[in-house]
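Naming follows writing order (A, B, C and D), and every chain is counted from residue 1.
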Amino acid sequence: MATLTSNRYGKAQVRLSKITRNEHEHLFEEITVRALLSGDFNDTYTKGDNSPVLPTDTIKNTVYALAKTHDLNAPEAFALTLANHYIDRVPAADTAEVNIDQRIWQRMTFDGSTHAIAFTGDKSEKRTASVTKQRDADVNVTGGISDLPILKTTDSAFVGFLKDEYTVLPEERDRIMATKLTATWTYNSADVTEFNESYAAIREALLKTFANHDSESLQHTLFAMGEAALAACPHISKIYMVMPNVHNFPFDLGRFGMENNNEIFFPADEPHGYIDGTVAR
Amino acid sequence: MATLTSNRYGKAQVRLSKITRNEHEHLFEEITVRALLSGDFNDTYTKGDNSPVLPTDTIKNTVYALAKTHDLNAPEAFALTLANHYIDRVPAADTAEVNIDQRIWQRMTFDGSTHAIAFTGDKSEKRTASVTKQRDADVNVTGGISDLPILKTTDSAFVGFLKDEYTVLPEERDRIMATKLTATWTYNSADVTEFNESYAAIREALLKTFANHDSESLQHTLFAMGEAALAACPHISKIYMVMPNVHNFPFDLGRFGMENNNEIFFPADEPHGYIDGTVAR
Amino acid sequence: MATLTSNRYGKAQVRLSKITRNEHEHLFEEITVRALLSGDFNDTYTKGDNSPVLPTDTIKNTVYALAKTHDLNAPEAFALTLANHYIDRVPAADTAEVNIDQRIWQRMTFDGSTHAIAFTGDKSEKRTASVTKQRDADVNVTGGISDLPILKTTDSAFVGFLKDEYTVLPEERDRIMATKLTATWTYNSADVTEFNESYAAIREALLKTFANHDSESLQHTLFAMGEAALAACPHISKIYMVMPNVHNFPFDLGRFGMENNNEIFFPADEPHGYIDGTVAR
Amino acid sequence: MATLTSNRYGKAQVRLSKITRNEHEHLFEEITVRALLSGDFNDTYTKGDNSPVLPTDTIKNTVYALAKTHDLNAPEAFALTLANHYIDRVPAADTAEVNIDQRIWQRMTFDGSTHAIAFTGDKSEKRTASVTKQRDADVNVTGGISDLPILKTTDSAFVGFLKDEYTVLPEERDRIMATKLTATWTYNSADVTEFNESYAAIREALLKTFANHDSESLQHTLFAMGEAALAACPHISKIYMVMPNVHNFPFDLGRFGMENNNEIFFPADEPHGYIDGTVAR
């Protein structure tokens, strides 16, 4: 006798762009949305009864329709709008999860002036937001940053670690520290209105701490960054960070009678160290 | 006052290949490993004290050293070996998580005979395994399949669904059903010895059910596949499946005075439907 | 004074799938097409005059319309059909280039029998074809294979090479040889009708030679494969192959007091050796 | 009788990073190199004679060794250094091709000041350079930009085009124009010393023209950009550009009784228009 013990359905990779024509310049925004519902869809799975299921095509259309009538500039707010809408339209749904990735388009600048209608969009860094709305319970709202490669050339050490029979890593007081930052912070409530100010303050605190921290390990820096983020923004209760250790290995020039004074490296994407952690108040 | 409320560290994308030289033919195996530890590493994050931390370089070396002395053919078993080793070597670790992706290399075949030393490796499908070992508690072992595109040209419908103001999808009794299957099943215990037989039986049950099911929706087929997997293998307690709906949209030939009798389509990777679910005994 | 000295335009990544409903089973085919035109489009670039330009949207629509009325099973033949059509419809075009990648969907097999309507599509290997049609000159037709990882565990050496001050590579008589094969062969004429037989014969010759060749280098094996392909198929005049050397490096277990008898490796995608060459009659 | 009619070999995806420790701040540079040789390697392919072949491992090591003693800041100059070195070391080589992609790391900025040791590296845009050095002939040097997404929200039209039976595209006087720019310009000679100034001037000319051009088509804008690049830099003789048309399609909100005044779009990566062209003096 088999039972359905979890279920989710919806639409992913819904890409949308929007032009807002202000008097002196245009805004251009691009987001990618994933919206999933779960709840009492048992008969759909076990009996093929689709009556409780709003099509994923409709879930997609809704994103475009609501983008016409709502602001996109705080993705957290638009995710809330979408999640509330889906819970309202689909009686069988107990939970709606909406994730938004906002692509960063930057206005072109020439001779010190920004251009009114032209943009570059070459950043891997994305601003992220997620909302998990439960019908009869609290809503959970997060903001975040993803895929931001950051690096410092010094002020990073790794010494005094545990050793076993397979440990050959030398202690190192001066090394490159490089990571691809993903951070997700949880707002105290859905009633926050300062999503954009919070994003800016937290991003600045994370980067400034990374740059200035005297690091004994990526873990050590991760915690300091989390502490700084909490200090910078009263609206969040915790922050989760993933910080892979992207290695730049010194290249062995000694084989050619040359010295490598910590200057020539080969960067490698795999394997990489993996560090994560949550810092809370 | 900031506190560390979760932590993990380790090495990811550790790639390893192994040749086993049997009398009449060679085996060739390739795996990618991620191994993470978590536990009482508070001082590492908050004070920069690395004394409890076995370097991620050592975590990587361990994979290669143990691959020399252990069989790789059941990735679940090798993941158990690794997880037990890490828990033993790192006193601060409460939990070790090991994930293995096994690449499928197939022996070349010519004129009906398999070749002794030559292989093709062009499959996106991977066999997966994971072990989560807690120091003073049970171990959790899973097996799985990932990234296997499967498709049927008929015997798939989607009708009778919920409609709202943004619903324009037509009811459809005959459509392509395509997905990229990821399935993860949980073993009843770590003492199972039939990992390879279980993998083969579950994979066959999943595909055969997908092929033969009279489908009212992807959800409907997902459940049937899960039921069949549980029936095919007594060693597992549940199975989790992710089955995105990879759309093949009929192309509108009517604009050119031509009929499209459900024969010409454009496949699209984004957006896609997203379906998941867990089927348990 | 600036001049336009080369031009091309068209549509790329046009994906199309087709079901053919035979009596006892369905065929399912999927191709990705790129179609480019070049010729006398000078005024389009220099003056903004679009009158000679058939829209890229139309170039795309044409692929779907002609797929309705033509067979897809030999991509070379369909590429010819498309190229001839575009040259016919666009008076300004001197040249039409059409490239087709055919995805390999394999019929599912259960208990020794193939299934009528269910397929797996997990192969990175693609069959390729290209046609370059010039209005008043010969047409060039190629067939090919791309993205096929192949590997042999022995019968591969690399010794006796040139050395300079940066050479530290040891001579090696027994190593893994791994590559990701791309091969493109040129047909003697567009009147060939045996595209599918040629593809099968050449693919078999390439793989069999790779498997059985006593290799002194990837270059050495590349030439032997090319020779075998020419011998296997009288309809082609030459074959171009790209064979990156995908390294599997022996992992240094000696540091842990263990011997690595050419059995434990770490595979790496970057950097990789790069080898190409053309073998002609 | 088979003959080798073309050959190349070398190393690709050689990644290198370098720290330069200036008094008040560090420089950090990262490049990816591909270096290929071709020439009289016939016996290597046909007879397995490796005596003319410098190993690809050595080709790789050379990149690291010469990066120690040479500046990386103009990739064109470093590519010249490498190409000359390889031609010198490998008597059988007639030609050396070196391609360099330079990753753009940007110094972090806080409160208006740049940081001495911390960088972000999240740009897809790369600076590129290539050198093709023939032993007894001229050397060809190019500079370039790749993978730079650029977009304008208006001042782009496409009307007055050729129509056939598969043309349904509406004429459009106001549309989004988006592309991912790749440009490669050819220097008049290898004796240029202003590679960095040329790069900056050409990049500015390309973007400014894209932003300000009143566009009748992507072709039209491509030519204007090429003209502007030639005008901005006397050291180059021609420029080749690839500008795919990355579509942002208006989403049909009319089905829901809503108007879409050219404001809500769905961006799609495939299919895309493809435009290229060369503009020369």
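Rule of thumb we're sticking to: a residue touches a chain if its C-beta (ideal position, glycine included) is under 8 Å from a C-beta of that chain, and two chains touch if they have at least 3 such contacts.
It should be emphasised that the depicted structure is a prediction, and the values quoted were computed from it without experimental measurement.
K.L.:
Both chain A and chain B are touched by which chains?
P.N.:
C, D
K.L.:
If you tally contacting C-beta pairs, which pair wins, C-D or B-C?
P.N.:
Of the two interfaces, C-D and B-C, more C-beta pairs touch across C-D.
K.L.:
Measuring between mean CA coordinates, which chain is farthest from chain B?
P.N.:
The most distant chain relative to chain B turns out to be D.
K.L.:
With centres defined as the mean C-alpha position, give me the chain A-chain C separation in Å.
P.N.:
It comes to 37 Å between the two C-alpha centres.
K.L.:
Just give me the whole-number Å value for how far the CA centre of chain C lies from that of chain D.
P.N.:
The mean C-alpha positions of chain C and chain D differ by 24 Å.
K.L.:
Roughly how far is chain B from chain C, centre to centre by C-alpha average, rounded to an integer in Å?
P.N.:
Chain B and chain C have C-alpha centres separated by 29 Å.
K.L.:
Can you list every residue of chain A that touches 2 or more other chains, as numbers and ranges?
P.N.:
Chain A, residues with two or more chain partners: 15, 61, 65, 166, 168, 256, 268-270.
K.L.:
Once bound in the complex, which stretches of chain D touch chain B?
P.N.:
Residues in contact with chain B: 165-166, 168, 255-256, 268-270.
K.L.:
Looking at the complex, which residues from chain D come into contact with chain A?
P.N.:
15-21, 26, 28, 30, 61, 64-65, 67-68, 105, 108, 110, 115, 117-125, 147-155, 176, 204, 207-208, 210-212, 248, 251, 253, 256, 258, 260, 262-268
K.L.:
Show which residues of chain B lie in contact with chain A when the two form their complex.
P.N.:
Listed in rising order, the residues are 1-15, 34, 36, 41, 44-58, 60-62, 65, 89-90, 158-164, 166-169, 215-217, 219-220, 222-223, 226-227, 230, 238, 240, 244-245, 269-281.
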